[in-house]
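Shared between the two complexes below is chain A, which pairs with chain B and chain C, respectively.
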Partner chain A sequence: MEILIYGAVTSAIYAMLAVGFTLIFGVARVLNLAHGSFYALGAYGAYVLTSIAGLPLWLAAILAVAGVSLFGVLVEKILIRPLRYSQLGVLMITLAIALVVEQSLFLTFGSEYRNVPAFVDTKINMGGVDVAGQRLLTLVVAGVSIAVLYLFIQRTRLGSAILAISQDADAAKYMGIPSDRIFSLVMAISAALAALAGILAGPFLSVQPSMHLLPIVKAFAIVVVGGLGSIPGSILAAFMLGYAETIVAYEISTSWTEIVSVLATLLMLVFRPAGIFGKRTAF
Partner chain B sequence: MAALGSLDKLSSTAGLVSLCLLAVLPVLVGGSYLVGVLTVAAIYGIWAVSWDFMSGLTGRENFGHSLFIGVGAYAAGFLNVQMGLGPWWSLPASMVLASFFGLLLGFPTLRLKGPYFALAMLSAAVIMQRLMLIFWEYTGGEEGIQDITPLIKNHLHYYWFVLCVLGLTTWLFAWLARSRWGLILRAIKGDEATCMAAGLPITTYKIISLIISAAFAGLGGALYAHYQLQVSPQLFAVVTSITIITMVYVGGIGTIFGPVGGALLLTLMTEGLRNFGEWRLMIYSVLLILILFYLPNGVVAPIWKKIRAMLTSSVQGTGAQRPTDKATGEA
Partner chain C sequence: MKRIVKMLALGFCLSHALLHAQESKPLRIGVPTSVQLQVGRDTITAVKMAVDEINKKGGILGRKVEYVTADETENPETGISAIKKLVSDEKVDLLVGGYTSGVTLAQLPHIAASKTIYLGVGAASPSITAKVKNDYDTYKYIFRVGPINAAHQARALVEYISGFVIGELGYKKIAIVGENAKWVQDLVPVLKRGAAEVGADIRMTELFDTQTSDFSPLLAKVKSSGAQYMIVILSHGSSDVFAKQWHDAQVPVPYGGIDVKSMDGDFFNRIGGKSISEVAANFAVRAPLTKKTIPFFDNFKKNSPNYPVYTAFFAYDSIFLYAEAVKRAGSFDTDKVIKELEKTRYEGVAGEITFDESHDVLPGKGKTNLIFVQWQDKGERVVVFPKELRTGNFTLPPWMKK
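Moving on, here comes the complex of A and B:
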């Protein structure tokens, strides 16, 4: 039962990170190594707004998510867009951005761990297991936000524009879809999801400047297993990886959990590089 | 294409002269502090040139060069302290172990197009750093492995030794880059599909280049371990890789000599900014962004090209550059 619940919470956070990561790749062909920075900035934003500015947490969370998605849009517009013609240029620039963010956080806040307040402090007993309310909230919020995103993409006009670009960027352009504006939108969504994940996971994970690295590693592993650019694939893979790590943590030892993602990535790349749902053309 | 087989005389002379200058510099100026800085700079030079050989020539950027450095350094520390072997064993052992990691990561990822290689290297380096902390019983955790014996006791002599290794490494890579092998690597960067159509086993070429590059990164790691006399998980950090990549970009990507110059320049420059210690990595990352935008060909290699053009025109009386200059400079 513990495995079931904790696994679901881990998976939910991974899914929020991986969906944003794969979305911006699928639409703009941008592999965003600064994706983890959005997660870190979300957590730090919530920390600053609550403990320094003294705002209530819900307001702080909204402001932090909005701020990070604005940051994402600006980064995409100013730094990533001029280099989009070269995939390596994008990788270099986003990694450099990630390090600038990490170093700025380090220079402002130092390397010690910070506490992000939890939305709910109560523990809830589920099937004989005490689960912190914050974890359940994370699960619910993740589920709702991904469902909303899915409906947005499937049901709205803007969503169809996103889908159209991801299927064939050139054809979409000929149909008069303003691809640059869509990229900004997708970047905003992706950054907002990552920031939200950071705020939700902040209370039970460590908040410190280098926290952006592991999310990138996990998002990459998930996206490789699920198929680069496929949203259902990355949700499925997020759950596979989340549960695999939780099971390893409970059955073997927490030391081995980090190996799961790398092993999964390497095995997948050897045997089925396209991922579970990936298109063959993805590589 | 006759110049392909042999090294460009002017460049190698300039390389040798600067190597000699570097060797006598601490004797002239004196001070053990300078020796230390220059040793580190030379080791960074080895790392930068080995990165450039694989990634600069084939265009497959390696975001986890620190993995090979860390593996080499830990191999040295482990053999020396835990197993009690003599320090000279570290050099071959670190090269072998780092090449093994190169094969392990290169085999699944270099077969594929797309960003898999870059990302897999980044992930692997991050995970290795975590593993060093998690398995602290064997690796010493945050503290790392202490009390490694020095290869050569005298610091100045050790500096000369490292400088020799740097010279030989650079010569080897420059020779490889100018050989048929290097030509094929550059061709892979240009157009993989055409190379495949021409019947070249491009995956094999890429994997072997990665293995060679990894071996020398590992060697540099071992030299670093025997200089610092300790190793720490920080060696695996992504910032190590980024520092090296920045050096290569400053030097001029794909030019082999350039990155060595970039490494020396940046290490000495940041020593000058030592009062801003905390800001060092910030400076590197901002510098990288600026270079990506404004000077994609780097700083050192284009300046050297200009100087050489001036020299050749004054010697031969013709301002024309040989066609091979363009081929190597643009790559």
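Moving on, here comes the complex of A and C:
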């Protein structure tokens, strides 16, 4: 039971991170190494707005998510777009962004851990297991936001445009879909999801300048396992990895959890490089 | 003849003037520390306080004192550059600082080569002062003013378990949880053996990776192991997250032990009060340990937004005990000062400071010791052990109170 609940929470955070990461790859073919920075900025944004500016948490959260997604759009427009036709260039520029963000946080806030307040402070007992309310909230919000994203892509005109570009960017362009604007939109969604994950996980995970590393490593592992560019694949892989780590932590030792994702990536690359759902399109 | 006398007199005057100029040149203290961390910022604040006080009283043997800092981070490479900057570019006469043992160990050969006295105030590895014992002539410049070394700390922790956890609280079932680092791997066997000897029933021992960010599985295991008390050994990183997750899941097992981040004066506030009832070992708190303790704490608070952490006590003491050694030696000659430093008996902020033959600070009654301090309501810190220093009673976490 403990494994079931804690595994689900871990998986939900991973899914939020991986979906955004895979979305921007699937649509714009951008392998965004700065994805973890959005997560870090979300958490720090909430920290600054609540502890320093003294805003209520819900407002701080909305502002932080909006701010980070704007930051994502600007990064895409100014820094990534000119280099988009060079895979290597994109890798280098996004890595540079990640490092710049990390160092700026380091210089501004020092290397100490910061406290992001929790939305809910109560403890809830589920089937004999004590779970912090914040974790359940994270699970619910992750589920809802991914579902909304899915409906948005499947049901709206903009969503169809995203789908079209992910299937064939050139053809979509000839059909009159403004691909640049779609890229901005996708970047905004992807950054917002990561920032939201940072705000939700901040109260129970760590908030410090190098916090962007963990999500980028996990997101990478998940999309490799699930298939780069595939959203259902990354959700499935997020759950596989989340549960695998939780099971290892319970049954073997906490010191072994970090190796799970690396091992999963390695095995997948050896035996099925395309991932579980690997194909060229996003869906 | 007259001419010779005149020239001699002139020469004497000149050399005297030169000597005097040398003497009145300010004494420069180099402070290598982790500037980004609380331990580092507090080291600098304490050095500044000591320097100001000494200058107000006319300096050391008539020489004014000034200090210069260098960021050694937690990375050995940067640590070495910091020492090189201080001894070669800044030409300092004394070094006071340090935090991470790995960094200090990497710096030692460079400090020894520069023949500059180094007063360590942060690193706890016994290997640092072991060098002095093994090769005195090369490493005699190294002293550890604080904290007491890791082996002494392990012994103090066993005393806490036998004297307080078992002796007073009556909790025999104990879980040991620590980060997977060299100093913890060395400490845990000593701790387990010691605890078993004093009658503890060790229900589980688990070391986690220092990168771990989710402790819920670990905490759930502690809960289901039936342990009544959890001993922690944490230093590099995860203390904040650990306390938060322990609090949020309302784990029905109180915890305490060595938790370096929890020594920070602002620890309670920066994690939103979630360390409530945690007992963290410390070297001093605002309590009358010596007659200097409370004045130092109050004075420090005027210079800084927070109460000092342990590096501050030892940095402050270091400069005064160096000044005393110089006065006793009657000169700044390094070898003479080292001889006097070895004889140090100085009443510091946390207790009396004396060195053993490896230049390591000695623990014991009235000297520097681990004291066990509990976080209580509103971030107030209360000494619960040892008994003779107690300032308040132990309380359970709010969710365990009946």
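What we mean here is this: the second predicted complex is superposed on the first by the 279 of 283 C-alpha atoms of A that agree within 3 Å, B and C clash if a C-alpha of one lies under 4 Å from a C-alpha of the other, contacts with A are read in each partner's own complex, and residues count from 1 in each chain.
Going forward, a residue touches a chain if its C-beta (ideal position, glycine included) is under 8 Å from a C-beta of that chain, and two chains touch if they have at least 3 such contacts.
Small disclaimer: the values here were computed from a predicted structure and weren't measured.
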Touched partner set for A:Thr10, first chain B, second chain C, both or neither: second
Contacts of A:Tyr250 with chain B and chain C, given as first, second, both or neither: second
Touching partner for A:Glu258 - first (chain B), second (chain C), both, neither: both
Partner chain in contact with A:Gly89 - chain B first, chain C second, else both or neither: first
Touching partner for A:Leu33 - first (chain B), second (chain C), both, neither: first
Touched partner set for A:Ala118, first chain B, second chain C, both or neither: second
Overlapping contact positions on chain A, where the chain C interface meets the chain B interface: 106, 214, 255, 258
Chain A residues touching chain C - in the complex, by the definition given at the top: 2, 6, 10, 106, 110-115, 117-118, 121, 123, 129-135, 203-206, 214, 246, 249-250, 253-255, 257-258
In the complex with chain B, residue positions of chain A that touch it: 31, 33, 79, 82-83, 87-89, 91-93, 95-97, 99-100, 103-104, 106-107, 213-214, 216-217, 220-221, 224, 228, 255, 258-259, 261-262, 265-266, 269-270, 273, 282-283
Chain C - residues contacting chain A, complex: 36-38, 180, 206-209, 211-218, 220-221, 237-241, 244-245, 248-251, 261, 270-272, 399
Residues of chain B that touch chain A when the two form their complex: 59, 61, 63, 105, 107-109, 111-116, 118-120, 122-124, 126-127, 130-131, 134-135, 238-239, 242, 245, 278-279, 281-282, 284-286, 288-289, 292-293
